[in-house]
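Have a look at the structure below before the remarks.
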Amino acid sequence: MAKKDLRIGLVGVGFMGRTHTNGYKRVSDFFPDLQTRPVLKAVCSRTAATVNAFAEQWGYETVETDWKALIARNDIDAVDICTPNNMHAEIAIAAAEAGKMILCEKPLSRTLEEGRQMVAAIEKAGVNNTVWYNYRRLPAVTLAKQIVDSGKLGRIFHYRANFLQDWTINANVPQGGQGTWRLDVDAAGSGVTGDLLAHCIDTAIWLNGSITDVSAVTETFIKERVHQATGAMQKVGIDDACIFHCHFDNGSLGLFESTRYARGHKALYTFEINGEHASMRWDLHDLNKLEYFDHRDESIVRGWRTIHVTDGDQPYMDKWWVPGLSIGYEHSFVHQVADFLKSLETGEPCSPTFKEALETQRVCEAVLDSAAARSWKNINAY
Amino acid sequence: MAKKDLRIGLVGVGFMGRTHTNGYKRVSDFFPDLQTRPVLKAVCSRTAATVNAFAEQWGYETVETDWKALIARNDIDAVDICTPNNMHAEIAIAAAEAGKMILCEKPLSRTLEEGRQMVAAIEKAGVNNTVWYNYRRLPAVTLAKQIVDSGKLGRIFHYRANFLQDWTINANVPQGGQGTWRLDVDAAGSGVTGDLLAHCIDTAIWLNGSITDVSAVTETFIKERVHQATGAMQKVGIDDACIFHCHFDNGSLGLFESTRYARGHKALYTFEINGEHASMRWDLHDLNKLEYFDHRDESIVRGWRTIHVTDGDQPYMDKWWVPGLSIGYEHSFVHQVADFLKSLETGEPCSPTFKEALETQRVCEAVLDSAAARSWKNINAY
Amino acid sequence: MAKKDLRIGLVGVGFMGRTHTNGYKRVSDFFPDLQTRPVLKAVCSRTAATVNAFAEQWGYETVETDWKALIARNDIDAVDICTPNNMHAEIAIAAAEAGKMILCEKPLSRTLEEGRQMVAAIEKAGVNNTVWYNYRRLPAVTLAKQIVDSGKLGRIFHYRANFLQDWTINANVPQGGQGTWRLDVDAAGSGVTGDLLAHCIDTAIWLNGSITDVSAVTETFIKERVHQATGAMQKVGIDDACIFHCHFDNGSLGLFESTRYARGHKALYTFEINGEHASMRWDLHDLNKLEYFDHRDESIVRGWRTIHVTDGDQPYMDKWWVPGLSIGYEHSFVHQVADFLKSLETGEPCSPTFKEALETQRVCEAVLDSAAARSWKNINAY
Amino acid sequence: MAKKDLRIGLVGVGFMGRTHTNGYKRVSDFFPDLQTRPVLKAVCSRTAATVNAFAEQWGYETVETDWKALIARNDIDAVDICTPNNMHAEIAIAAAEAGKMILCEKPLSRTLEEGRQMVAAIEKAGVNNTVWYNYRRLPAVTLAKQIVDSGKLGRIFHYRANFLQDWTINANVPQGGQGTWRLDVDAAGSGVTGDLLAHCIDTAIWLNGSITDVSAVTETFIKERVHQATGAMQKVGIDDACIFHCHFDNGSLGLFESTRYARGHKALYTFEINGEHASMRWDLHDLNKLEYFDHRDESIVRGWRTIHVTDGDQPYMDKWWVPGLSIGYEHSFVHQVADFLKSLETGEPCSPTFKEALETQRVCEAVLDSAAARSWKNINAY
């Protein structure tokens, strides 16, 4: 039985352009039961040489240098947005209006207001959509969700997460342009809050429910950096670090921290959840493992269990190799493609949708406001 | 050459009474160069049977059931206060007025005001004094201090610490009385803030300098518990959990968390400090190790180093066994006794003194106020 | 500039058929500078339905059910042998005689004699060849080789490795047939020795040079299992476990162990090498990390370093994501494809060649003989 | 009720003299229910200044410089032998003939023949005795024994242990004399076999039963060292490294390795036992933890458990602090003293007795013979 094609139009050829494309190219090999297969129909980037090279390397059939032209094409079913954050809203809204499905890289938007407009456009258009909060789909993280849903943890007391990096400690790292637009507030909207904490918040809400209020602090350790567009030193507008504590709707306390100034940590995303009966913790640097503690174990042999999530009865792992053999970061994107394709068959949304991702934007906005105002902010006000 | 005696009068026979006594009994065996030796002259507790049994087990020469009688004795050189927190101030002030040296269990006091009175009394009396923030003197922690002082870390960006326990999750744990006075706000002053975060704050100030402002949240998860004194359910007045972020005077951000509701963690005190060039982290559950990352290492072989702090050139370890052989929690108290005795010889204070420990009280008070007021508090105001 | 095609004919559609195919399909995406690209021209397996399904899923252009027919085709440049071990020799020799390049799954052969015939055929034909000892090409393992070659370790004293699994503890696991031919001595030649220790030996020789003599013990814990071909209980002919110690030519001692009866270990391949100045160890369950200890580090901060091998200046990692983001097991095969394609450009062999892999066969044969004879065996006699 | 005195006469004032003395001095503080208390009656060493200083530091009442004089005294109940190994037999036999209880440091003897004479003397005299294989009495190791005895593991397949050090890599380390007599074959009898593997073998037999045959290899990496007694370079007679595999009587395979040339390992004693249902492993560098894997756990949350052995229901830990607070190496000796004193009350032997420790000597002798002969040795022949 022939598979149905889903013709992809990718906008943006940076790091995320590569991870998404790899997801599309691998999904049919490893998820053979899917009835839909992605087709790399077109890729778009402003510079012809760049986009041509990308298309050549990855096998896109055609190229565009204007995203509006890409959206206007009739042979594109789904638009995948991998641009810097400042382009998300405009492209997504236009794509929705054109009736395209949309897969948007996280964070949804620079601001809550942009995000609201995007959700409105999506809902009006009624198109399939998802936001690439890919870490949900690492098997150990998905397993954590299954354990939460099983009720094994009991009443939750604490949730904590951090995302620590160290790549901007060097004052010579510029802002703006390829690779470093994440340091340019106009392009990124915010610093670690939108880039890294957004991941932590998305997972947290998924695992532990709504956040109700936040109290935050941010810091910009290096105040000026050269901007690649101008070649001049300019004030740095992003947050280099952000910490906040919060309440969840279930009564638990939350604690979040992110920075790009934690020497020794390349991409250390960790979370931990403490329940009455059991706790779990996870770490992106050892991503195939989930640690689990169950107080109901016999007392003399009770301890934190290191679950090596590579067995066929654990999430997604029946698709890959054999027990004990690890997969990597990139597989989270393959899984999100698979789940998106599956959602087209079932009619169920592919979480997080734009609407669900807006919840993370609300928290991010409240966090940045809280830091600026040095006061608690209630999420209901957002 | 005969050693000089330091005649100890211990007040309190609980957990800390045991750890301190063990410190006094072992110090001469392992620190033979000290010119002073502790003598277990007297121990005091209200109940005769209890104090007699303790004296018998540990070898105290005499007993008292009234601490005022102990202080009045001429054959006591130093008073060691191991009572619940609500007795610290009164005993310390009386002991100072009696000209006794004082070794006071942490936290210094229930409140900042009590602490100020204690410091005033000590300074007026001019007696030797120290507060048992014992974790400073675990070899790995002392090594961390040496590394900070060496300048290896460079500019500091982040300091974070937590102290996680799980022993009060059971609602049947009572408040008040032996072993559980830490849940009774009258006896303890506060919950995890004074009991656990005080340790974290003391280490932090020692390693990273002054804290300038704080923003905190506290929570009491179980609102009522039986009080052992009355047998009745009573409102719980302590903080079960406390989180705060802060600025340090050196411009770094701080993050602190403590709880007794983190299932799976028995006594997990951890800290981490991130500098421009190097970072360190430590964990009480594996207390002989210090983790260290130095960015100046050759890039392809750069990584977190696990330093097993058991060599003779590492702090205190020339006194114990041979490389690779671990010591434990209790040794921190032996080291503090050794350093106190040494301070009598050198005339240098034995840190933290009452005055230094008051700095921790200022932060604790600001933290509790911040949580109550849901606002930032400036430490200068305390 | 158009790439040159390398038309692959794959024989065997099991686990290794999948890993190799994935290697071919991904290499051009991630190694864009290669001038040759694999083309999935044909796949062969005895059962038409099976091979058709595999071709459909993975995108092979054509199928064969007779490997001789595959070898006879003019549109195949390279034959990849992924069959059970008992077919390796016959297919490889025929393919060599047909002038095909050969990529053969490890172990090279069931017996040393078979291996010798294969090497003779390859050398007579002068065709490019390689054996899939894929673990060499995990970045952390390749980094270990670079460190050895740098001379950082000094004189070597010890090499130890083990490969522990637990999947055959259940007596109901059958022998013979799909998935369990590894328990059938006719199909596999040996048990853990050829399947698992062969990996350990290959890495060891690569990192530490020749093995000169061995003393081994083997065990078959479960003596009879149902054979899938006959449905009857049959004597188990393979080794369930094998341990040996040995001397290396450089004077160091070696220690090797493998078993499928180590409860709790799914695929725990570890090695460690101890030199005069430095040591290293590695573990397949945390495959992106290499542990390194250098005695020349300053003594008070000396310790085992955990190197997270994900930076662009570490082997292969410039091809993948960004620092801190892990890759997995399967990437070792992509790397071997890349290195094989590169070898076609440079004219250098792609290690291990058949001839190099024969060295591992010599050790395996001596190990099995030593265990049978309960005596040391000198590798020179093989 | 007054305790009964056990008057100790210690022979030897080196490292073990310190650990044993500390055991005697602490036991009554922490094991208050014992009806017997050790009294430090006399200590003996050949050099008056040395023994006087030791007695002064540790509080021995009297000194001797001739061990025969010590044994002749009527005020000594028990003789503790902490000399180099070459004195064990003569002192133990004389002490037994004098009717003294004997506590002998491990290994029991240099040779099996010496050991046999010691056991004969002990049995003839009928005196209480024990050998200081202290690691049995670290709580995590004792817990491992309880788990074995519970039957949780099922049929055992594998036992492996190693003891890795690196302190003799430097060729300037001399042999003979204080601290380095362990490198002098006349004083020590053997190298790592008697010093380190003896510990591993003792634990192994205790946990897994008798060893039936062995195949070993030894190596002396540095062939000549200065002897402290002569100042001259002399041939090194000990084994620097020893590896052996073996069968246990229960059908499992054993694997043992020890060396003093494993750069980066100070005193890394580890063992692991793999059973049909469950496995355990332990590591002296993190001595308060035991790792445990139970295959009967629910599959999706199954993993290695890290048991932090610090709770009151775990072996010995009701005597110490509170959950989460670690003890150290030295506590194993306190526990052995406690168990010896208890054995005096119950009349049960304090394992390992001389007779039990002789079993370890049989294995050591067979191991050394096997290495010399390059052949398997059957323990029954010893």
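We just call them A, B, C and D in the order they show up, numbering each chain from 1.
Convention: a residue touches a chain if its C-beta (ideal position, glycine included) is under 8 Å from a C-beta of that chain, and two chains touch if they have at least 3 such contacts.
Computed from a predicted structure; not experimentally measured.
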Same or different contact residues where subunit C meets its copy subunit B, judged by the half mark: same
Chain separated most widely from subunit B, comparing mean CA positions: C
Interchain centroid distance [CA atoms averaged], subunit B/subunit D, Å: 36
Where subunit B and subunit C are represented by their mean Cα positions, the distance between them in whole Å: 55
Approximate Å spacing (C-alpha centroids) for the pair subunit C, subunit D: 42
Per-residue multi-chain contacts in subunit D, two or more chains: 265, 304, 308, 311
Touch list for subunit C against partner subunit B, complex: 143, 146-147, 152, 289-292, 294, 297, 299-308, 311, 313-314
Subunit A-facing residues of subunit B, complex: 157-158, 160, 166, 169, 215, 217, 219, 221, 241, 243-245, 247, 251, 253, 255, 257, 259, 261-265, 274-279, 293, 295, 304, 374-376
Residues on subunit C engaged by subunit A in the complex (per definition of touch): 15, 19, 21-22, 25-26, 28-29, 32, 57-59, 165, 167, 265-268, 284-288, 308, 310-311, 320-331
